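Next come two complexes built around chain A: one with chain B, the other with chain C.
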Partner chain A sequence: MSIYELMMAGAAVVFTPKVLLFICIGNIMGVIFGALPGISASMAVALMIPFTLTLDPVGSIAFLSAVYCSAVTGGGIPAILFKIPGTPSSAVTTFDGYPLACRGKAGKALLLILVSSAFGGLVSALGMLLVSRQLSEIGLRFGPSELFAVAFLGLSVLTSMDEDKMLKTVISGLLGLFLATMAMDPVEGVPRLTFGSTYLLGGIPMIPAMVGMFAVSEVLKQVARPTEIKIDGTPSLKDSPMHVSFAEWWSLKWTMIRCSILGTLVGILPGAGATIASFLGYGMEIKLSKHPEEFGNGSLTGLCASETSNNAATGGAMVPLLSLGIPGGNAAAVMVAALMLQGVQVGPLLLKSQPSYLSSVFLSMAVTNVLMVVIAVVVAKMFVKLMKIPYYFLGPLIILFAAVGSYAAQNNITDILVTMLAGMAGYFMIEFRYSPAALTLGLVLGDICENNLRRAVMITRGDVLAVFARPITAGLMTVCVIFLLLPVIKKFLRSRRGV
Partner chain B sequence: MGIEITVNIALLCFCIFSFFYAGVGVTPPAIPGTLSASAWPRVILAGLIVALFFNIRACRASRSAPDAKSEIAIAEFFPPKFVKSALLLIAYSIVLNYLGFITSTVIFFALFSYIIGLRKISSLIAGSVVATIVIYVVFQIFLQVMLPRGVWIFRDFAIWLEILAL
Partner chain C sequence: MKKIALAALLISTLSLVIAAAAACAADFPLRKIDVVVPFGPGSGTDTTMRALAPSLQKVLGVPVVVLNQEGSGGLRGMEYAAKQPADGYTLFLHTPTHILSEVQNLSSVSLTNNFDPVVCLVQDSVLVVASAKGRFKDWSETAAYANEHPGEVTVAGMSPKGIDAISMRMIVKAAGVDITFVPFGSGAEVNSAILGGHVDLGNQGPAETLEMVKGGEMKAFLVANDKRLPAFPDTPTTYDMGLQVTTGPWRALAAPKGTPPEIIAKLEDAIKKAYESEEFQKWLKDVMLDQRPGWKDSKGLGELWKNDLEFFKNAFKELNL
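Right after this comes the complex of A and B.
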C-alpha cells in the first residue's frame, strides 16, 4: 500500500465527526488529567477506556493516543506554575519552568512547552509513520546491556548538572540510586535494605517522592522564607508581552530537532519512556550548550529540551505497539488492553491486515498535537488564575493536591507520609545546595540500571566484561565516561589555571 | 558542629551500616554467574561513602577558611513557622487514616492557613471547607479515587457522603 493510500485509509477513520469529537474530548481530558498531580499519562489512558466501547478498534486507538499525547503535555502546566510535576515525565520541566514563573515569565514558559511538545509530538508521529518497522527493528536489537548503557547515559549528566556543586550533585544522584535499591530484589525475590518494613518491599514510590521533593519542599521554603511569585497574566500568543520572540524560537531550532529524534528513539525502547526521554534530552542539551550554567535557572533551552523529548517519546512508544504488538511502556500496554477488549489480536500481522491503524494513529496524533496547543492554553489559563489566590490558601492547596495526587497512584496512605518526608528532605537539600533533581534522576534510573545490568550479566553467565563488549553498549559506555569525566577535567584544569 | 556536617556524618554512618546490612538475609545467587542481590547496592554505597567522606572534608575546609560565611543558625534554618508546618504535615498524614479525608483536611487546611498568616476566622473556615469540597469532588467523584474514610463515625460520615454523591 502506498503512503497516499495509507493516508486516505487513515483519514477515512479519523476525519469523521464522531472520531474527531472523541479526539477533541480526549485532548481536553488528557490535558486536564495530565495537569492533575498523581494522574499519570497511562492512568489517564486507562480512565478513558470506557469511552472506547462506543468506537471501532481503529477509532479507539486514535482516541487513546490523543489522550496519551495531551496528558504528557498537560503535566508541564503545574510543573511550571506550582513546581508540581503533573506526570513523572514533567519532573524535568520544573527545573527551568518554575524559575521562569518566579521571574514573571509563566506565560512565556507555558507557550514554549506547548509549542515544543507539539513539535516533538509531530516529528515522532511522522517518524512512526515513515520508519515504524525499521525503527522497531533497531529498538529490538537493544538487549539488557544496551538498555543499561542507555540508562547510564542518563546518569552521566550528574557531573554537569551544577558544575560548581559537582560533589553535592553526585551525592544526591547516588542517594537516589541507593533509595531505588530499597525494595524486594527483582531477581532473587528477597527483601533488601527494607529494615523489616513491609511498605518498603514495593520500593520507594516514585510519584510521592517526586511530588514531595519538588512541590512540598517549595511550599515549606515559602513558609520559612516567603518570596513573591510574579505572574504575567494569562499566556497568550497575541496579547502577552512575554511571548516568545522569533529570535528565541530560532535559537531553539536545533534543540527541538535533536530532542525530537532522541525522544522518538527512547520511546521505542522497551521499558524506557517519556520520563527517561526528558532526562536524557535535558542532559544532552546541557552537554551541548555553551551556557550550561543557565540550566536550572530558567533556561529556555532546558525547558524546550524536556518537553520536546517527553512528547516525542509518545510517538516512539507507538512504534513497537503497532508494528510488533509489543507495548513499549505502561500507556501502550493499556492501549493493547483496550484493543483486546474489542477482540483485536495485537501482533506483527496487525499492520499487514489493517494498515489503517498506523495512518489513523498518525493522523490522530497530528490533529492532537495541533489542537493541544489551543486546548492546553485554555486549561493553562485556568491554572494561571489559581496563582492569583493568596498564598495562605494556595500553599495548603498545593500540599493537598500533592498529598491526594500521591495517594491516588496506589491508594496507600503511607504514600502521603512519604510525600511529606520527601518534602522536608527536599527543603534541606535546597537550603544546602544539594540537588533534588539529581536525586530524582537516580531514583528513576536506578531500577532500570540494576535490572538490565543483572539480566545482561546473567546472559553472559557472569562475564561482566562481555556485557560491555557488545558494540552498541561499548559505544554508549564510552560516551558516558566522556560525559562523566569531561566536567571534572574541565574543573581541574580551570582550578590549575586559577592557581 | 554545623547542621550540614552533622547530617553528612549521620548519612555516612547510615551508609556504612547499610553496606554491611545489604548482605543480611541475602543468599548467594541461585543461578551461577549472576550478580547477588547485595552487589549493586554495595557498589552504590561504596561510591556514596567515598563521596560523603570528601564532602565532609570540603565542608570542614570551607568552615575554617578565612573568608567563610557564618554558619546558618538552627533557628534560622528551622524558623518556628517551618517547624509548625512540618509537624502539621506529619500529623495530617497520620490522622488521615483515623479521621478520614474530609475531617482531617478541613482541620489541616485551616491550621496551615493560620500558620502562614491568615487570622480571619470566617476566611479560615470558608477556605478550608471550599478547598476540601473541590478536592473531594475532583478526586472522589470525577476520578473515582477512594479517599481515606477514617474510622468510627468518620467512616459512617464518609460512606454517607459517597452514597449522596452517587
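Right after this comes the complex of A and C.
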C-alpha cells in the first residue's frame, strides 16, 4: 500500500465529523486531566475508555492517542504556575518553568512549552508513520543491560545539575536511589525495607512523592520566607505577553530536534516512558549547554528540553504497540485494554491486516498537536486566573490540591501522608541546600536501573564484565563515565589554578 | 413519661433495624454494588470485570461499579475490601496472587480467613514461548540443551514469586533441568525481551502470545495443562511431555467474611446469568479466556482456595523459596 493510499485510509477514519468531534473533546479533556495533579496521562486515557464504546476500534485508538498527547502537554501548565507537576512526566518542567513564572514570565514559559510539546509530538508522530518497523527493531535491541546503561546515563547528570554544590546534589541523588529500593525486591520477591507494612510493597508512589517534593515544599518555603519571591507581581498572561522572540526560538532549534529524537527513542524502550524521557532530555541538554549554570533557574533550554522530550515519547510509545503489539508504556497498555474490550487483538498482524491503524493514529496525533496548543492556551488562561489570588489564600489551596491529587492517583489516604512528609523533607532539603530535583531523579531512575542491572547479571550468570561488553552498553557507559567525571575534573583544574 | 417515650423510640428504631436486616436478604440488591479490583485500569483483572459489569447490571437491576484500588502488588485492594461491611454490596475480584501473599504472610488480611468465596469466573493458562528466531526449535531440544548446560538457558517471566514464576519453576523442576528464571516488570517487557533475543524463553498467557505466534514472531513450546488448547492445537502440553503441572491464574469474586449465605446464593445466581450472557461469552472468546473451563460456584471456589493454598505451600517448600 502506497503512503498516499495509507493516508487516505487514515483520513477516511479521522476526518469524519464524529471522530473529529471526539478528538476535539479528547483534547479538551486531556489537557484538563493532565493539568489536574494526580491524574497521570495513562489514567486520563483509562478514564476515557467508556467513551470509546460508541466508536469503532480504529476510531477509538485515534481518540485515545489524542487524549494521551494532550494530557502529557496539560501536565506542564500547573508545573509552571504552581510548581505542581500535573503528571509525573512534567516534574522536570517545574525546574525551570516555575522560576520563570516567579519572575513574571509565566506567559512566555507556557507558550514555550506548548510549542515545544507540539514540535516533539509531531516529530515523533512522523517517525512513527514513516519508520515504525525500523524503530521498533531498534527498540528490541535494548535488553536489560542496554536499558541499565540508558538509565545510568540519566543518573550521570547528577554531577552537573549544580556544579557549586556538587557533593550535596550527588548525595540527594543517591538518597533518591536508596528510597527507590524500598519495595518488594524485584528479583527475590521478598519485602525490602518496608518495615512490615503492606503500603510500601509497591514502592514509594511517584505522584505523591513528586507533588510533595515540589509543590508542598515550595508553599512551606513561601511561608517561612515570603519575601524571597515576589508572587504579588502576579504573572498573568496580560502582564507578560506571550512573546518569545525569533532569536530565542532559533537558539532552541537544536534542543528541539535533539530532544524530539531522544524522546521518541526513549518512548519505544520497554519500561521507560515520558517521565524518563524528560529527565534524560534535560540531562542531555545540561551536558551540551554552554551555560549549565542557568538550568534550574529559568533556563529556556531546560524547559524546552523537558517538554519536547516528554511529548516525543508519546509517539514513541505507539511504535511498538502498532508494529508488534507490545505497548511501549502505561498509557499504551491502557489502549491495548481498550481494544481488547472491543474484541480486537493487537499483535504483529494488526498493521498487516489493517494498515489504517497507523495512519489514523498519525493523523489524530497531528491534529491533536496543533489543536492542543489552542486549547491549552485557553485552559492555561483559566489556571492563570488562580494566580491572582493572594498567596496567603493560594498557598493553602495548593496544599489542598496537592492532597486531593495525591489521593486521586490511587484512592489511598496514606498517599496524602507521603505527600506531606515529602513536602517537609523537600523543604528541609532546600533549606540546607540539598536538591529535591536530584532526589526525584534518583527515585524515578532507581527502579529501572536496579531491575535491569540485576536482570542483565542474571542472564550472564553473574558475569558482570559480560554485561558491559555488549556494544550499545559499552558505548553508553563510556559516555556516562565522561559525563560523570568531566565536571569533577573541570572543578579540580579550576581549583588548582585558583591556588 | 420521658422514659416511656425513649423506650418507644428505641423499640421503633430497633424494629427498623431488624426490618432492614430482614429486607436485606429478600430485596437484595437495593442499591449499587461495588466490585473492588486490586489492580489498575487496563490490567487483566480490570478488563474482565469491566466486561462482566454491564451484563451483571442488567441481571441485578442496580449499577455495578468497578473500584480500582491498586497498589502494593494487589494487597491494598484486599485490605480495603476486607474492611467493607459484609452485606453483599462489596465484592472483591481476586487472583492466585492473593493466595500466594497468604503463603508468604505478606499482609495481616488473608483471603481464606477474611473472605467468603462467591464464584470463580475464568481460568487462564501458562505457556512457554520462544522467539521464532531463537536458538531452540522446541521444548525437547531446549530441555536437552539445559540438561547439558545447567543454568545457561534463560526464561523471562513476571514477578519472581507470582503465579507464573511458580508454574515455570514447577515445570522446570519436573523436567529435572536447571533454567534461570529472570523476572521482568510487565508482560510487554517480557515480550520485548523474547523478541529482542535477550532471553531464550518466556512465560506468558495465551492472550499475550497468540497474535505473536500467528504473526510468525514467536513459537509456542509448551502449555501447562492436561489437554491441548483449542487456539494452540500444535503446542504440546506438559502432560504430553510427562510433566504433571497444570497451574494457571484464575480470576474470582469473593465477599467480606460474614456475608449472609442467602445473599451469596443470590449473587451466585445473578453472576452465573451474567456470565452466560452472549456478550460476556463472546468477550471471553475474543480474549482467549475460554481455553479452559473456568466457572466455579461458591463451593467450588472454596475448594479451589484450599487446594491452591496447599499446592503453593508445598511448591514453596519444594522450590526452597
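General remarks:
Quick note on the criterion: the second predicted complex is superposed on the first by the 483 of 499 C-alpha atoms of A that agree within 3 Å, B and C clash if a C-alpha of one lies under 4 Å from a C-alpha of the other, contacts with A are read in each partner's own complex, and residues count from 1 in each chain.
The rule we apply is simple: contacts are C-beta pairs under 8 Å (C-beta built on N, C-alpha and C of every residue); 3 or more make two chains touch, one makes a residue touch a chain.
What you are looking at is a predicted structure, and each value in this text was computed from that prediction instead of being measured.
In the superposed pair of complexes, A:257 makes contact with neither chain B nor chain C.
In the superposed model, A:373 lies in contact with neither chain B nor chain C.
In the superposed model, A:191 lies in contact with both chain B and chain C. Of the two partner chains, neither chain B nor chain C is touched by A:138. Looking at the shared chain after the overlay, A:461 reaches both chain B and chain C.
By the touch criterion defined above, A:202 lies against chain C but remains apart from chain B after alignment on the C-alpha atoms of chain A.
By the document's definition of touching, neither partner reaches A:126: not chain B, not chain C. Of the two partner chains placed around the shared chain by superposition, chain C is the only one that A:340 touches, whereas chain B remains out of contact. Once the two complexes are overlaid on the shared chain, A:423 sits against chain B while remaining clear of chain C. 47, 185, 187-188, 191, 411, 458, 461 are the residues of chain A that lie in the contact sets of both chain B and chain C, per the superposition on chain A.
Taken together, the chain A residues at the contact with chain C in this complex read 42-43, 46-47, 49, 139-144, 184-189, 191, 198-202, 205, 270-271, 320, 324-328, 330, 333-334, 336-338, 340-341, 343, 345-350, 352, 410-412, 451, 455, 458-459, 461. Residues of chain A touching chain B in their complex: 36, 39, 47, 167-168, 170-171, 174-175, 177-178, 181, 185, 187-188, 190-193, 195, 216, 219-220, 223-225, 390-393, 395-397, 399-401, 403-404, 407-408, 411, 413, 416-417, 419-421, 423-424, 427-428, 431-432, 446, 449-450, 453-454, 457-458, 460-463. Chain contact summary for the complex, chain C toward chain A: residues 40-43, 46-47, 50-51, 67-73, 75-76, 79, 106-108, 151-152, 154, 159-162, 165, 180, 182-186, 188-189, 191-193, 195-199, 207, 210-212, 214-217, 282-283, 286-287, 321.
If you check the complex, the residues on chain B that touch chain A are 3-4, 7, 11, 15, 18, 21-22, 25-27, 29-38, 40-41, 44-45, 47-48, 51-52, 54-55, 58, 72, 77-79, 81-82, 85-86, 89-90, 92-94, 96-97, 101, 105, 108-109, 112-113, 115-118, 127, 131, 135, 138-139, 143, 145-148.
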